[in-house]
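Each structure below is given as structure tokens.
The same chain A turns up in both complexes below, where it pairs with chain B and then with chain C.
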Partner chain A sequence: MARIELRNIVKTYGSHHAVHNLDLEIEDGELLVLLGPSGCGKSTTMNIIAGLDEPTSGQILFDGADVTGHSPHQRNIAMVFQSSLLYPHLSARDNIYMSLKRSGLSKPEIEARIAHAAQTVDVMHLLDKRPGQLSGGERQRVATAKAIVREPAGFLLDEPLSALDAALRLSLRAELVNLQKRIRTTMIFVTHDQIEAMTMGDRIGVMRKGRLEQIGTPTDIYNRPETLFVAGFVGVPPMNFLKGALEKADGRLWLVNPSLRMEITGEFAQAAPQKEVILGIRPHLMRLTEAGAAALPLTVYAIEQLGNEAIVICDEPGGGKIRVVASAGFSAAIGARLNATFDSAAARLYDPASERVLATSGKA
Partner chain B sequence: MTSRNARTLWLVLAVAVALLWTFLPMYWVVKYAFMTKTEIARFPPMLYPHQPNLASFFNIFGYDYTLSDGTVFKASGQARQIMLGVRNSLIVALVVTIITTLVVVPLSYVFARLHFPFKGKLLAAILLSVSLPPVSTLIPFYTLYVQLGLTGTLTGLIIVTLTITIPIVAWMLIGFFRNLPPVELLARVDGFSRLYTLARIIVPMAKSGILVAAVIAFLFSWNEYVYAQILVTGSNAVTLPAAMSGFLFQVPEPAQLAASLLLSLLPPFCIAFFLQKHIAEMHIA
Partner chain C sequence: MADTVRSQTPAPPRTAEISTLSFALVVSVPVLIFLLVVVAYPLAYALYLSFHEIRFFGGYSATWNGIANYSKVLTDQSFWSSLGRSLRFTVVTVILTLAVGLGLALILKHLPGKWRWLRALIILPWAVSPYGAGILFTYLGRGQTGIGTALANWLGSEHTVALISASFVIEYLAVGAAWNMAPLVAFFLLANMLTTPARLYDLAKIDQMSPLETFRHVTLPPLRFTLFVFSCITTVLAMKTFDYIFTATQGGPGSASAVLTYTLYKISFVNLDLGYGAAMSFFLLAVILGATGLLYLLWGRREERQ
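Coming up: the complex of A and B.
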């Protein structure tokens, strides 16, 4: 268990920047999820934390001590790789034992640790089987036992669940979080699945093109995305975006586009007027309504029935798609005309040039 | 029901044709081994030996053999060559197998799993040497060997055979190693050195692939004829295929040729029999 710190980490492969000037702090006992699309640098970052990859420049600190030049073993990290990689020719017991082979512990101590780890993740009855004889979920558990048996400073997982089917993923997700809280280890979990990230992480770091876009609690990331990318990447169904201009009139701020004129209230009410902005609003925060100046005219494109609610996917006059959550069983013909509105205080405003959220006071 | 029967019938027929295709020529040779020269020369040919005898098997090892009717078959003049051939072929094949395996396992591992400059070009060089017909290097090797005094020696033959087995076996094993899961990552986290990882993790994991590779090296060496014919025929370093060819060219002895051929089939046959399981495993992998 350790507090892990990354200072100004840069990783380049030739002219390709895999990671740009990354600063990151992971608290002792925290579960941090690194989330991002493939190629965003999240796996590279994890490998650098693990010591499998060396950063081109920058420092890695474990509990304040510089470990940048240390091997994974010296850092005492444990790792679960994609598809819960294990040594295929060894039994589960020997796979777990390999984690301690270089530890210098005595035989009885090793035996006790293996038994304890196996009990923790409930794989005692699988110890004599080989990975080939185990199911996906069992392999995942054995890989976890192999990791925790070392009592690691950091427990790193690189998309361990991505190869499993959906139902199994769901139960293993909870199992891992439960385990992490029980043994209070510092855990870093890499995934491209935003639901996995939201459900597991104490904090989520969203990465894109080698940069950390935003880091924060799942609630923070969901409610207050700081960039357009985070806004669009996190959340199901995805956030709606509307283009328009911010204009000042009668001392109030208005979002104006050819089909909508809406007063901006709340957090962004004091933002500076500008020609182009993008407004983001979650589908759950929109509602169908009567026509009017503050209502957006829409054309039904498709309806997804989810049982507890319905998602109405519509074309908006500006050319984009807008999703509105309606009550379960809502029906309308494809091509039907609807109107939708929302409370502008719940919306977020972004600058299309910088792709970042607008400053809330007009001084920017 | 009838259509299923018809399908089974066709299947049986197809297998029968395939078996006949492979085994008829073999049978023809096996049959020769138990016949006399005059029986072989008869026309129309006998479909099976009417009075099978073991004369040729005794003759090739240097013993006279008397048939029940009193005819004596003299020991073959080639007997010494055949016995030397068996011994030499075994020595060459075993040494070649061991050296090939020792060289090829690390070589293929490095090519399959590590990244280094010029890897592609070096790999192409290995593949190129697989595609070279052995005869094309025969003359250069021969002139070189004459100057080095390596003609007619086992050492010379072993070196030349390695130039065939190493690239072809490396080519096989590179593919095999490539398909192994990336356990090197696990090994690094577990704190094992590269050498330990190769020797104690990769090799046990790749056991069946390495075994099959070794067998291929053995068979290539055991069957190697072209180099042996030019480099060692008539010397003390003669190998079995080269010695056997004596029955073909000098004094044609089809029965003895057939008998020694059967002899030469024994090791590959045994190997195939004992390693079936591993060979099948390698194909699945």
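Coming up: the complex of A and C.
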């Protein structure tokens, strides 16, 4: 277990920047999820933390000590790879043993550590099987045992669940979180699946094109996304976006576009007027209503019944798609006209040029 | 009711589908017949010859003489020495072919992007016929034209160095045979190597495996079956090598490279002792079957279980 710090990490491959000036702190015993689409630099970041890749510049610190030039083994990290990679010709026991071969422990100690790790993830009965004889979930458990047997300073997981079927993924997700809390190890989990990120992480770092877009608790990331990318990437169904202008009238701030005129209240009420803004609002915070100036006219495109609620997907006059969550069983003909509104205090405003959230007061 | 509905919908045009087995038969029966004619018939005829004494002088005659030919082989000094040379040639060839093939495959795997085309080029030695390889290695091995003398001169010596010498001609010929065959082995091994996920090497790094351990636990496992198969193939090819040695050394110097196939050739087609040659050739067949069978028992069974 260790506190892991990344200071100004840069990684370039030729002219390609895989990671730009990344600063990151992972607390001791924390589960941090690095979330982002493929090619965002999250796996490179993980390789750099592991010591499999050297950063072009920057420093990595474990508990305050510089480990930038250290090998993975010296850093005492453990890693679980995609599809829970194991040595295919070795039994589960020998696979786990390989983690301790260089540890200098005595034979009885090694035996005891293997037994303890195997019990922790419940694979005692599988120790004499080869990876090829194990199911996806069993392989995942053995790979986890192989990782924790080292009592690592950092436990890194690179999309370990992405090759498994949905039901198994669901149960292993909970299992991993439960394990991480029980053994209180520092864990970094890389994924492109935002549900995995939301459900597992103590904190989530959202990455895009080699930069950290935002880092925070799942609630923070969901409710207060700081960039358009984070707003659009996290949340199911995805956030709705409306284009418009911010205008000041009667001492109040209004969002205006050809089909809507709505007063902005709440934290953005003091934002500076500007010609183009993007307003983001979660589908759950919209409701169907009567026509009016503060209501958005919509045309039904499709309806998804989820059992406990229905998602009404609509075309808005500006050309985009708007999703509104309605009560279960809601029905309307495709092409039917509806109106929807929302409380502007729950909406977020973004600058289309910088793709960042607007300053809440006009001065900043 | 259901019947009337069915009769109203036009049946889709039936396509004649044949089972996998009948397809396999259709494709392979002509080949099997061909093999019967070109393999089984000569084999049976050789068996017939081996129990007869064949004479060409004073008119062709075949006289039944039982197992006399076979027992004569067992007491023939030249048979045992030829067999020894064949085995020596085979062992060295197999080891060299697999080692060079593995080395080549490792080099080809790690070629940087702009040198990948070498992967295609490396197959060229395999495209050289054994006959051509024989001529090539004769010139390379001779004292006057050979690479030995060239190297010696380059190092400042005035000596001529003949690589084809009575004591090492078998090993020298094995080098040529390996040169001919190793690229194919490398190709198959390379294909196997590329199936190993790159992340397995990262796992080995995390476990701090030494390069040797990494080779043993990561690189080698997917290659082992291919290595076994090629050890069998190369064993058979080396045991039956004739054309390459015929063009390279004609069994010389003296009889230093007269392997069993070459001795057989001399008995059957130079001395025209067809019955005796046929009997001896069955010993060669037995040795080949025995060697591959032994390889399978000692090695192949283990690979199969995985």
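Methods note: the second predicted complex is superposed on the first by the 364 of 364 C-alpha atoms of A that agree within 3 Å, B and C clash if a C-alpha of one lies under 4 Å from a C-alpha of the other, contacts with A are read in each partner's own complex, and residues count from 1 in each chain.
Note that in this section a contact is a pair of C-beta atoms (placed from the backbone, for glycine too) under 8 Å apart; a residue touches a chain by one contact, two chains touch by 3 or more.
All figures in this text were calculated on a predicted structure; none of them were measured in a lab.
K.L.:
Taking chain A as the common reference, can chain B and chain C both be placed on it without clashing, or not? Answer clash or fit.
P.N.:
Clash - chain B and chain C, as placed by superposing on chain A, overlap.
K.L.:
For A:Lys181 in the superposed arrangement: first (chain B), second (chain C), both or neither?
P.N.:
After superposing on A, A:Lys181 lies clear of both chain B and chain C.
K.L.:
Looking at the overlay, what does A:Met98 touch: chain B (first), chain C (second), both, or neither?
P.N.:
A:Met98: touches chain B and chain C.
K.L.:
After superposition on the shared chain, which partner residues are touched by A:Arg337: those of chain B (first), chain C (second), both, or neither?
P.N.:
neither
K.L.:
So, A:Arg252: does it touch chain B (first), chain C (second), both, or neither?
P.N.:
neither
K.L.:
Overlap of the chain B and chain C footprints on chain A, residue-wise?
P.N.:
Residues 50, 52, 71-73, 77-79, 81, 85-89, 98-99, 101-102, which sit in both footprints.
K.L.:
Flag every residue of chain A that touches chain B in the complex, lowest number first.
P.N.:
50, 52, 71-74, 77-79, 81, 85-89, 98-99, 101-102
K.L.:
Would you mind writing out the residues of chain A in touch with chain C in their complex?
P.N.:
The touching residues are 47, 50, 52, 71-73, 77-79, 81-82, 85-90, 98-99, 101-102, 130, 158.
K.L.:
Show me the residue ranges of chain B that touch chain A in the complex, using the header's touch definition.
P.N.:
Per the touch definition, chain B meets chain A at residues 181-183, 185-186, 188-192, 201, 204-205, 207.
K.L.:
Within their complex, state which residues of chain C touch chain A.
P.N.:
197, 199-200, 202-203, 205-209, 217-218, 221-222, 306
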